[in-house]
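For reference, chains read A, B, C and D in written order, and residue numbers begin at 1 within each chain.
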């Protein structure tokens, strides 16, 4: 027989003003599962918690029911206090009779007493059926793995190495640098990309904590936070490393606007990347360049703004204007996207340099005129309401960044998600670098198109997020929670009754369930490190083989039966 | 006067916040509802709702977080289709899908909680009683 | 592995984080999770900053409090974070690589740890000076507004848990910290001296933060959209972008968040009341983040928000106080118009909250170098300043949070360098 | 006319026998599960292993073999392959069982036979043929919602329907025949035997739980074979309970149980991740009307 101690908190009269505690105590003492009922003044004060704890120890009560205010007020204080005193969490239950009863039904004392009695009854039922989930601890491999050696990846790697962690970097190309290697100068500082990159590359080469794997291709990723195992080949050699966390900094690729604005068909229609390549070789000769923004972006197919193309055009336009005195530079745009203080100033600089901006509409894109080379561009100037004919010798298309081809594959290996455009997506807006898989972080253009300085910032930020896990020797599954406090438990399979139907595997939003083949059938297994105890699997399990012990079906059923 | 009784499954991170706030504001609601806090709306088994209706509870409300606001990677939204089918079943049998209220992200303020519960009470009061469905031995009260 | 051990065992001098908004909270939590003790200073009574004053967040239309609340709670309960609310940094001096700080902590006359939120004090207060913090503030407790409190002591008498002590006085806390992270956030600039916006001339001409507060679901109007002048439903609302921003007279920079903010407000206005016509007067609709452009399309197409490219030249209350005249040129149709609006929301006039300070202006406070607009200038400072959030550059929640983590990483790396 | 029907049936039977023969000859399967008429004219399921046995093969009456094939396959040694003669509903049930990992796809062969128009009318079947038809003419489907008997139970105001159903379900003697005959019900133990969900010892069974939990559990797996109501000794029209749920799944989510072995049931996935983006919330959800989330 259960032996439950009930504490009724008066809350300095706030609760027993509306609820007759004597009546309640009388009713409760009839219940055979209740061993004692005590009325306390205020269970949230430390002294009272201690008193309660010693009383529990004296009476050797199995379980404790606290009827007080809800967790979101001060109800967590007695619960946490008792846990500190050594009472297990699943042996304590909290029933809210203040906000949910005394206060909300203050003008109906009869109803309030009835409700309080029912609520406490439900609490007693819950206590009798509550079980504790198992927890599990994983020892943390203190190395970090960074996929991609662009600015974001390099920043993350060097930050982590400086903090004292061993870092492995996998890079598809043969040298670090990513897209920064393809461009000459950075906006808005005008700094050489190489100058920005070199300190990082030096650090990668010289820091003994960083290992760089060029020309690598990942074949599989297994495991979970604390202990990922990655199989990959680098320079043709198969290899395998372990890591505690993974930072994805794979970047993005440039969209090639084949077919747009007669690109590929006519000479002198080039992309930003081509002009960058020219700049890397030296100066570039163009007297009347025309930049066209949003080539392939903000349209039906790619309905997003790629962030970096407007400032990049400003940069190249200013450079062309500066290097070719007397030249006339046009930027045809659909709204110049230069948010913030620095970029807005950059825009102003471009204006004062005499670069001409013409705003066009999506429906009326500029026309490239000319036979084998571009002669002029015809554009409807939306602000002035006239069609303008601009003579030109060079058309530069600003194309967006698009996700890498293998991003979906990588996402599947890691069990994370990509957004509708194909970039890796975060799972919760306040934590923009964290994915739905703990220990997998995203940064840089793999997450969303960003300029190199932002990518570096994100790389460092992702590294910071990683540190909090890497510094732990082991991680308990119950601490990997998305809510304040520890997880509410872990889903648990009853292997004898599991039919192996796979509903839980399909329904789990965190990919924590998988099927395991036994001799004659399949059964489901839950990976506790991934399970967040949302209970989706519980609701789709056809015969209740999947349960969250802290919220099992017996408890719910019994609570429902006692609700009125 | 029909005095309906309601069972509420409230997500701890949205609906329950509204319920608590309603208490803090001393909103005055009939004492004929009970709240069972759940981690996520996805944890509410449709069977539990049927269990409640069979036990003579007139209506069940599930209050969860709104789209994208779920702390469990949109687990709450997985439950929509389940409840949609359950409503069909309740409609078929004449119990009435109206007895199941699903609300996402609209109950996190005290007045919203109050409004939802008050409306639900009124709606349920207008429905025919569930008596024919309650088998003589199955009634729990 | 040396560094690894080092980090695990480090319990050295703390880091001071100034500003308890999203950026400050994130920076504190990141540092504390990495084993570093943190002092977090916030001038308001509760943590949360400007985000706690927002109703919804773009582009996911989350309730702002819901996102914030978890982290505020974690912050309040973290053993390595000491939170100083109602506090200011009075002195901050740099001495031999460290900072010595004096924090002026105003008294919380109501002890957060004891307040049971019963509200008896509110009933007894003759001056109406007691109110809860923000709607979902953590921990839930009442706050005494010192400016209207008469110090009568009635509240202390009725408080059942003895949480109120009117005898408390402000105290000074002396700290020695290794580093400082500035996450001071933004404030609204006063638009009154840009006469054309008519700010302050009519109750229905509001700034966007006022509008947010006025129409918030948890606010005084419970999410209803009504006029401030007579509580009737407006027929139309004009959202004026770049009010004071991208304007050399006031804020030369683009405030980066206001386009999306206006789209969000207009979208929610439409959602709550379809009959209200929403007009957004914009210069460039800057939608650069994930799903931002889509959000703008969706708000535009799905809810019939009218977008007008042009900045109004004059906003003036009509005689008799009924309505506001807005004169503008739609630069895409090149038509000049004069139109009557029931409400006008001015968007864009936000600037770093420390703009009136200047480095060196107050010798006792080592404010890092800033540019003319009040943004911290981290690059020029050799001793490396750590700043994040709107004080660093115009940033929305996601960017602020990233900057905060990056600043925390900066602190970590610097710490290691010294050893 | 009668002759034509007869000869049609004979051709179908011969065709089926030939296919079965071929399978056994080519050793594609170790046995063929079908119906056999024995010397005393009793029809019963039989695993045909030798060619001469096939003379006794018959196709009528409708007899669902899905669950039986599952037990045969489970108790057979590894590598045992079984060919099953199946009708539309039977094939769908087999697919559902494979989806739920009760049968291994590789061990199963199907010989699809189409049902006659009369059979379709009796079963109110909207798809009286398997996806893979080996023998028989495809009959056109019947819309169950047009049937008077069904309409009686689905039309009318709540109160009337409630009484109608309550009266029918009161007849229940809790024999569990509906569950046992269902080709998809494989759980052991079953929630219907747990007194948390269904009060034990009650006859008639607690209606709102016993019948509705059973019906709901089959919401996305029911192949509308009608085995439950055929098995019911007190004639409760149990199939009608499933119809509106099946309709919703088909119309809103384009899903029908047992059609596509690769397609997961929509009730397992996030509402926002439906293939058609921009899906509106159902009207009845009191919600912030997030149209498509992120």
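As a working rule, a contact is a pair of C-beta atoms (placed from the backbone, for glycine too) under 8 Å apart; a residue touches a chain by one contact, two chains touch by 3 or more.
Owing to the predicted nature of the structure, the values given are computational and were not obtained by experimental measurement.
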item	value
Chain with minimal offset from the mean of all protein Cα atoms	A
Greatest separation from subunit A - chain, by CA centre	D
Chain pair, B-C or B-D, that carries the greater number of C-beta contacts	B-D
Distance between chain centroids, defined by C-alpha means - subunit B, subunit C (Å)	36
Approximate Å spacing (C-alpha centroids) for the pair subunit C, subunit D	60
Whole-Å gap between the CA centroids of subunit A and subunit B	31
Per-residue overlap in subunit A, given as positions that touch at least 2 other chains	72-73, 419, 425, 428-429, 483, 507, 509, 540, 553, 557
Interface hub residues of subunit C, defined as touching at least two other chains	60-62, 70, 117, 140, 290-291
Interface hub residues of subunit D, defined as touching at least two other chains	191, 196-197, 267-270, 288, 290, 293-294
Residues of subunit B touching subunit C in the complex	13-14, 17, 21, 24, 26, 65-69, 71, 105, 108-109, 111-112
Parts of subunit B lying in touch with subunit D, wherever the complex brings them together	46-47, 50-51, 53-54, 66-68, 74-75, 77-78, 80-82, 84-97, 101-106, 116, 127-128, 130, 132-135, 137-138
In the complex, subunit D residues that touch subunit B	153-154, 158-167, 170, 191, 196-197, 199, 201-202, 204-209, 212-213, 215-216, 219-220, 240-241, 243-245, 247-249, 252-253, 266-273, 281-282, 284-288, 290, 293-294
Residue numbers on subunit B that touch subunit A, as the complex places them	5, 7, 12-13, 16-17, 19-20, 22-24, 26-32, 34-36, 38-40, 42-48, 51-52, 55-57, 68, 71-75, 78-79, 82, 140-141
Contact footprint of subunit D on subunit A as seen in their complex	419-420, 425, 497, 499-503, 506-507, 509, 515, 520-522, 540, 542-544, 553-554, 557-558
